[in-house]
């Protein structure tokens, strides 16, 4: 239970980072931290007490019951790559904005836009 | 078990530092540390596939972020913080954590996942797909449609980056009277 | 495997294949992107029209992907609501693809535009067709990432800043939805929507359903630009190229926002009086705020963006009512709004194509020089204001009658008031842009090229013909099927799972 | 040669890079091909291969990497990988339903054992690797022009 709470605290730190900061790169970092928190939540949900990783090996015959839940792990792989995709696009947009406005600070940009 | 708690607390402290510190470069590096912590937690929680992918994707995300912040004339981030905004945000987050606390008690406890569907994946996975690595079996056979969608997301992002990075977006309009420049 | 069930994967695979081929060969062969764009969207449109026939004949159809029976693998579900949304989405997508053959000549790298456009259409089709919650998130991301890049396609100052704000808010909304999905998976240990609905009904939600409803409301609410989360829309739509703002307003916020909201709340979690009252309140709030912000705007596309927020308020009010009539009215208004709002955005694109400006003050008397654009804007304006013979009137009437029937007199009053203010700002557009004396700077303005005229005229005809959907013969096959799916609520699970055996 | 030397990083980095790039590439290929038997898969392997090219580019400067892999070629490979993956999915149609695993499964723990899974892994690796490298190249080109002005 406490681990889920810690994961949600990380989620809130990320959301705080997005909403309360004005620098574009800081906002992107807030988004990355939120992505980490959600991926972590996936893995926490999948863990089974003293379970084994869900890979069969030819020599040792691992009983199926003792295996960890493979489904959230497959979903996390998808979520990680989606996070990378959105981060790459946001950084590209931020760099183009920096090239046009000369600053990363969204408040200044709003004034310059006029 | 204790290792997970320590790693998680380190990650939270790292995240707070990454958001509060002034210099952009150091906050990017701190986020890298948080990502590394996540990769280690995945190893401890018996998810090797996720650990490898998280670690490697972490490196390329870090390189891209470093690329954005390391150019010569980028000075530190301004100290600006929307004071009213952060008060409201902190209040909203406190409410969110309270509601979450109550509802997490009803979830199955940590360490006892009810594996109704994934139990069948594990049981029939080896025979039906022939793959030994169950996570790959799910990714590419049971739920291959997800992976097709996800490969499309990455493809869209790369095409999007190519579109955003173009030097001239619009061709110059000739022969249009009174075309004021936006 | 009913014969018609292969429609669903094809509806996603055809635009996706078109996008990959455009990316592969589009750079070398000049005219290929336009051709592929139009053909792929036309293919998707024909498939979706055929799907309406299949739903009428076979009822709900389930397609098991990869040969795995539903709770195991991913399933695609084709029911009344899916067919309804497919037709709405692909109809507008095809006409916008035809429109942008000429309009996008003004932009560089046309093949990039068509690749991203087809990917967005594939993503939206993926969201509409899927029967699996995580899969809905993945295709929601495909459509959103494509639209972030398309908003910034013109790479100028305002567009980049608007695209960044839209991208950040969109990604945060998707992460809220993802957190909701994790909680639901941990609670019900399945991802198939029908299986999850049965499990939730069996287990009884409790606090988890409360938290998940809040997360989904915020996540999908932001995608649907409902008032507290609408901040990105008034910047993103005006700065996007006209075909893209037509797609954003007409289709994206409806399929990703409103459709996902209805499917999750009505069919999976099950609607409760609290949720429907919240939905109705948000609907009316968006209606009022959108209308009063729209009246003061002088930038044509920004005015249309605010009017989108208020019209989405109508749809959400209608669907939030919960009564069969209300849901039918909401869905019918969703169809009408996507038709006349994309028409109005395409008209603003045509005006910008010919005169190069979006500012109403600078325009004047364009109707003389641009008769087709003037006429189609008039048709769009009249039907958005809800003047009798046109489609907008019927759907608003049904929503207001349903609100009165449900005893919500105050909401009905606000709906009528908002409709009157809509009439006001629509007249403002007509008065300043098309009527009045011809501004001398536009002496030798030419009419727009052929393809743009074709799509605008066909959209205008759809505005006029929209009312026919209510005819007794036509209504059962299209509208009532869709509203039936929603009013059945969680029977969705029983129907889908019985379909599987 | 001196012009070349001035372009990338210092000499030490270059000599080490010559050694490590081959190893990183080999490791990435290993991860992809053994995706269905050991941890890792199309995505992790693809990203590792992209990293080896990025590593090459950072150490030797932009021109060398471009001689090896020009930008249009990269985005061609990316769309080729994506089309390959979609065609494998569509081939499943012929066998019965979209994305069906129609190839024989072979016996487990061997390299060619899991039907279409290794093929999908290779297609994804091609796409992810080429795509990420194209995105990185696009971002690097953008920045350099600003600094030049």
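Letters A, B, C and D mark the chains in the order given here, with residues in each chain numbered from 1 onward.
We take it that contacts are C-beta pairs under 8 Å (C-beta built on N, C-alpha and C of every residue); 3 or more make two chains touch, one makes a residue touch a chain.
If you're wondering where the values come from, they're calculated on a predicted model, not measured in any experiment.
Chain pairs A-C and B-C differ in how many C-beta pairs are in contact, and the one with more is B-C.
Centre-to-centre separation between subunit B and subunit C, using Cα means, comes to 28 Å. We define each chain's centre as the mean of its Cα atoms; on that basis subunit A and subunit B are separated by 2 Å.
In whole angstrom, the spacing between the mean C-alpha positions of subunit B and subunit D is 21.
Residue positions 38-39, 41, 43, 75, 78-79, 82, 86, 89, 98-99, 101, 108-109, 128, 132, 135, 138-139, 142-143, 146 of subunit D each touch two or more of the other chains. Those residues of subunit B in touch with two or more other chains are numbered 48-49, 53, 57, 60, 64, 67-68, 100, 105, 107, 113, 115, 117-118, 121, 126, 132-133, 135, 137, 139, 141, 143-147, 149-150, 152-158, 160-162, 164-165, 167.
The multi-chain contact residues of subunit C, meaning those touching 2 or more other chains, are 16, 20, 23, 65-66, 134, 138, 141, 145, 148-149, 152, 155-158, 160, 163, 186, 191. Chain contacts in this assembly form a complete graph, since each chain touches every other chain.
Of all the residues in subunit B, the ones that touch subunit C in their complex are 99-100, 102-103, 105-108, 113-118, 120-121, 141-146, 149-150, 152-153, 155-157, 159-164, 166-171, 173, 176-180, 182. Residues 16, 20, 23, 65-66, 68, 71-74, 105-109, 112-113, 115-116, 119, 122-123, 126, 134-135, 138-139, 141-142, 145-146, 148-150, 152-160, 163, 183, 186-187, 189-191, 195, 206-208, 210-211, 214, 354-357, 362, 441-445 of subunit C touch subunit B in their complex. The touching residues of subunit A, counted against subunit B in their complex, run 1-10, 12-17, 19-23, 25-26, 28-30, 32-33, 36, 39-40, 43-49, 51-58, 64, 67-71, 73-78, 80-89, 91-96, 98, 104-105, 107-108. By the touch criterion given at the top, residues 53, 55-58, 77, 81, 88, 91-92, 95-96, 99 of subunit A touch subunit D in their complex. By the touch criterion given at the top, residues 31, 35-44, 47-48, 50-51, 54, 75, 78-79, 82, 85-86, 89, 98-99, 101, 105-109, 113-117, 120-121, 124, 127-128, 131-132, 134-136, 138-143, 145-147 of subunit D touch subunit B in their complex.
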